[in-house]
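Next come the structures, one after another.
Shared between the two complexes below is subunit A, which has subunit B as its partner in the first and subunit C in the second.
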Partner chain A sequence: MKAYWSVLKLRLLRGLQYRTAALAGVATQFFFGFVFITIFEAFYSHAAEQPPMSLKELVSYIWLQQSFLVFITLWIRDNELFQLITTGNVAYELCRPCGFYEFWYAKLLAQRLSGALLRCFPILIVAFIVPHPYRMTLPPSPSAFALFLLALMLGLLLLLAVSMLIYISVFVTMSPMGSLLMFVVIGEFFSGKIIPIPLMPAWLQTVASALPFRWTADFPFRVYSGHIPADEALLGLLAQTGWLIVIVWLGKVALGKALRRVVIQGG
Partner chain B sequence: MVLYFKYLLISLKSQMQYRASFWLLALAQFFIPFSVFAGLYFLFERFGQLKGWSFFEVALCFGIIHMAVSVSECFARGFDAFSTLVVPGDFDLLLVRPRGTVIQVLGSRFDFSRVGRLMQSVIVLGWSLSNLAVEWTAWKIAILLLMIASGALIFTGIFIWERRCPSGRLKVWNWSTCSRTAEKRWHNTR
Partner chain C sequence: MISVDGLCKSFKVARRAAGLRQAVKALFVREHTVVRALNDISFSIRPGEIVGYIGPNGAGKSTTIKILSGILVPDRGACTVMGYTPWKDRVRYVRHIGVVFGQRSQLWWDVPVIDSFELLRDIYRVPNPEFRRNVDMLVETLQLQDIVHTPVRQLSLGQRMRCELAASLLHSPKLLFLDEPTIGLDAVSKIAVRRFIKTINREQGVTVILTTHDMNDIEALADRVILIGKGSLLFDGNVGDLRARFGSRKTITADYRHQPHPIDIPGVSLVSWSPERAVLSVDTERTMIAEVITRLSGQVELLDVSVEAQPIEEIIVQLYKEYQL
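This part shows the complex of A and B:
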């Protein structure tokens, strides 16, 4: 456990060095945040009936989405790991006296944590001072905020477990693009990245709630704005933990199977 | 220009060597904008209209812009992937050849799997046009074609203007100064 902890710490410090890259990311996220809010605001201004999510809740949803983008996108990947697998250099990794899954999980976790730490604060600060309708609001109660933080962290762990599945699939397919694209297209749509889940038609919401992706992004952001009340949020946290255990287990089983069949030639 | 088409042909032939992978990638390229378009559709289904714009009018814009992006991504991919030439030092190879660097970078990569994206935008465009009451005149057809063509040129211009640095940093540099300084630096090291 100590080894993984120090991997996490070292990688975190390394990730925090790329400040200019983060600055460029912040600028992009601002732009996207404004564009999305403008689009939704235009839709809301002519809504015939009351939409299932108020504009205030939606604005918080979008700003959170933009500031924690590093936590919720499957698209961000570590090409180093893909290359290790396809070139066979993964053999060195397997020689290490620690678990392959845990080691890489810690590395990827640090990568995302440092990315979000650098990016989220400037975006959030500006999101709180821009004029209405773009201004983000505080959560309705301190308990909602605490639940949000918990849900966000669990969501991050869950997302990493899903992205580990993508890496493991490369052992079989040897080409990262296919599985990556598949996961990204399905995952991002059903995590509410394109349109928030409450705005989807009912049948699609059923599909989304049957999949793990909505727990990574949609759920924490709606807990923040109070769109999901506290008692329901507690159940949601349980569901997140359940999914996390299932997907980590699945990843470890798949990795074990893949490693047993792995053939590395040359020396 | 002859050289450009030669590059084009070679690239097409080499990508066609992996036929299955090519079509799968094209299929995936089809689905990426598809999910965005589905989102758009569901929003219109819920809200009906967007400040007086109907769904098919918006879909028309979506189709035109997407078509322009996919065309320029297919033919000007070399510039988009410019950093993969510079970072490992492969740009040196282009500098020693007795041809312009711009055309060589342009010809270094074509991404024909964007044909999937193009198909998607063609379908969206066709669908929206068949649902809009447009009186077709020669001028209107010309405008539509010009919109797509000039859109593609604008996106190509953006690709050339921005070049992505390895850490994802966006550096907005003028292509010509960028290339000139790179060439100068390269000559100085000799």
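This part shows the complex of A and C:
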């Protein structure tokens, strides 16, 4: 356990060195946050019927999406891990006395945590002081907030389990870009990053519910705004846990298979 | 300590001819050739040995090291190292071994060396007193005092390799695999690395298996040589045996007073000749050295004579030729 903790710590410290990258990220996320809210505001003011999500809920949804972008996007990747595989340096990782899956999972977790720590607070603070309609609102109750934090964390763990599948697939495809594209295109859309899931047509919502992706982003953000009530949120946490177990198991099986036939590239 | 029995491993390699047409064709039909990297390799190694594992490029040296260190899974064959089957008990087994791949790095690129060491301490769960003792010993013998606090990216190759060696020994392994530890190093660093390997073998009883292309490494370090080529074991024995079996030729260099006629001695081949100096090559199994020198002194007025054994490097080249590698 200590080993994973140390990897996490070292990566966190290293991640925190990259302040300029974080600053640039914050600026980008502000920009996107404002643009998205402006677009949806225009849609909402001309909507013929009442949309299934209030503008207030939507604004929180978008600001949370922007501030926790590092927690919810599949395309954030650790090129170092890809390089380890494609250059064959993975050889060293394999002669360490740790579970390979856990070892890399810890690395990925650290990368996400360090990224989010630097970015989320500036965005959230500003989101609470900008004028209406851009201003973000507090969650309806402390319990909704507590549920949100839980859901966000479980969502992060689930997202990492999914991205582990991307890294594992590189052992077979040897092409990080190809592997990424396959997962990212589907994953980003069905996690509600492009259109919030409640605003999708009913049939698309059915598809989204059958996939794990919406539990990583859509679910926690709607818990925050109260769009998903507490009792439903508790069930959601169970669903997240279920998906997490299934995908981690899947990843471990796939990794076991990949490592049995692993070829160390480059001699 | 190590026993290897009938190890086989083959790789599938995709191939296609050059050109766009062939590239497009390869999208639909893949041609594979099977490369047999290891073909029925067997040997055993006792504790405390230093074994040089040699062979030309692509002979299967690294593949063997990777199987022995639990990274690759062989197609067939058995292998026991310290009671473990490396690829089956990987996690428990690797705690007892150290590995250095000369062409790769295990240190974190952008943090000081000591941070990588501390991470390895936690990964291997080395108790702190033992860790301190090992770091002190390694820093002193490898002379790392000035570089352990430097980020790895700012180290020279020689400095980095010394740190890599230290990193692989922090958890006091009883067995050390070195895959080309001296690749790309200058003479001074090579000697430092060799001396260090010798020291830990003698003082800590660490068993060492090293692959290299530098025959000086072998001569300086290895009591025993295993030669493989094209995946098969060709020779297993000590360096002296290798010499005795393949290196019975000796080189005689003679300086003499000006003598315009070339030297002619039966059973001796002339490597080079000038009116003042001749280099002769003698097969000691057929012709006695003493006899050659007697005849030589009959033909010329000798000033100086030296007799040298064939350098091991030449023996290896000769061996490669003999086995057509």
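Heads up, the rule we're going with is that the second predicted complex is superposed on the first by the 264 of 267 C-alpha atoms of A that agree within 3 Å, B and C clash if a C-alpha of one lies under 4 Å from a C-alpha of the other, contacts with A are read in each partner's own complex, and residues count from 1 in each chain.
In this section, contacts are C-beta pairs under 8 Å (C-beta built on N, C-alpha and C of every residue); 3 or more make two chains touch, one makes a residue touch a chain.
Computed from a predicted model, the values in this text were never measured in an experiment.
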| item | value |
| --- | --- |
| Partner chain(s) touched by A:210 [first = subunit B, second = subunit C, both, neither] | neither |
| First, second, both or neither for A:14, with subunit B first and subunit C second | second |
| First (subunit B), second (subunit C), both or neither touched by A:260 | second |
| First, second, both or neither for A:6, with subunit B first and subunit C second | second |
| First, second, both or neither for A:129, with subunit B first and subunit C second | neither |
| Shared contact residues on subunit A - subunit B and subunit C | none |
| Subunit A residues touching subunit C - in the complex, by the definition given at the top | 2-3, 5-7, 10, 13-14, 87-89, 91-92, 94-99, 259-264, 266-267 |
| Touching residues (chain side subunit B, partner subunit A) in the complex | 21, 24-25, 28, 31-32, 34-36, 38-39, 42-43, 45-51, 167-170 |
| In the complex, subunit C residues that touch subunit A | 11, 62, 66, 69-73, 90-92, 94-95, 97, 99, 101, 103-106, 108, 110-111, 115, 118-119, 122-125 |
| Subunit B partner contacts - residues on subunit A that touch it in the complex | 18, 20-21, 24-25, 28, 39, 42-48, 51, 175, 177-178, 181-182, 184-185, 188-189, 194-195, 199-201, 204 |
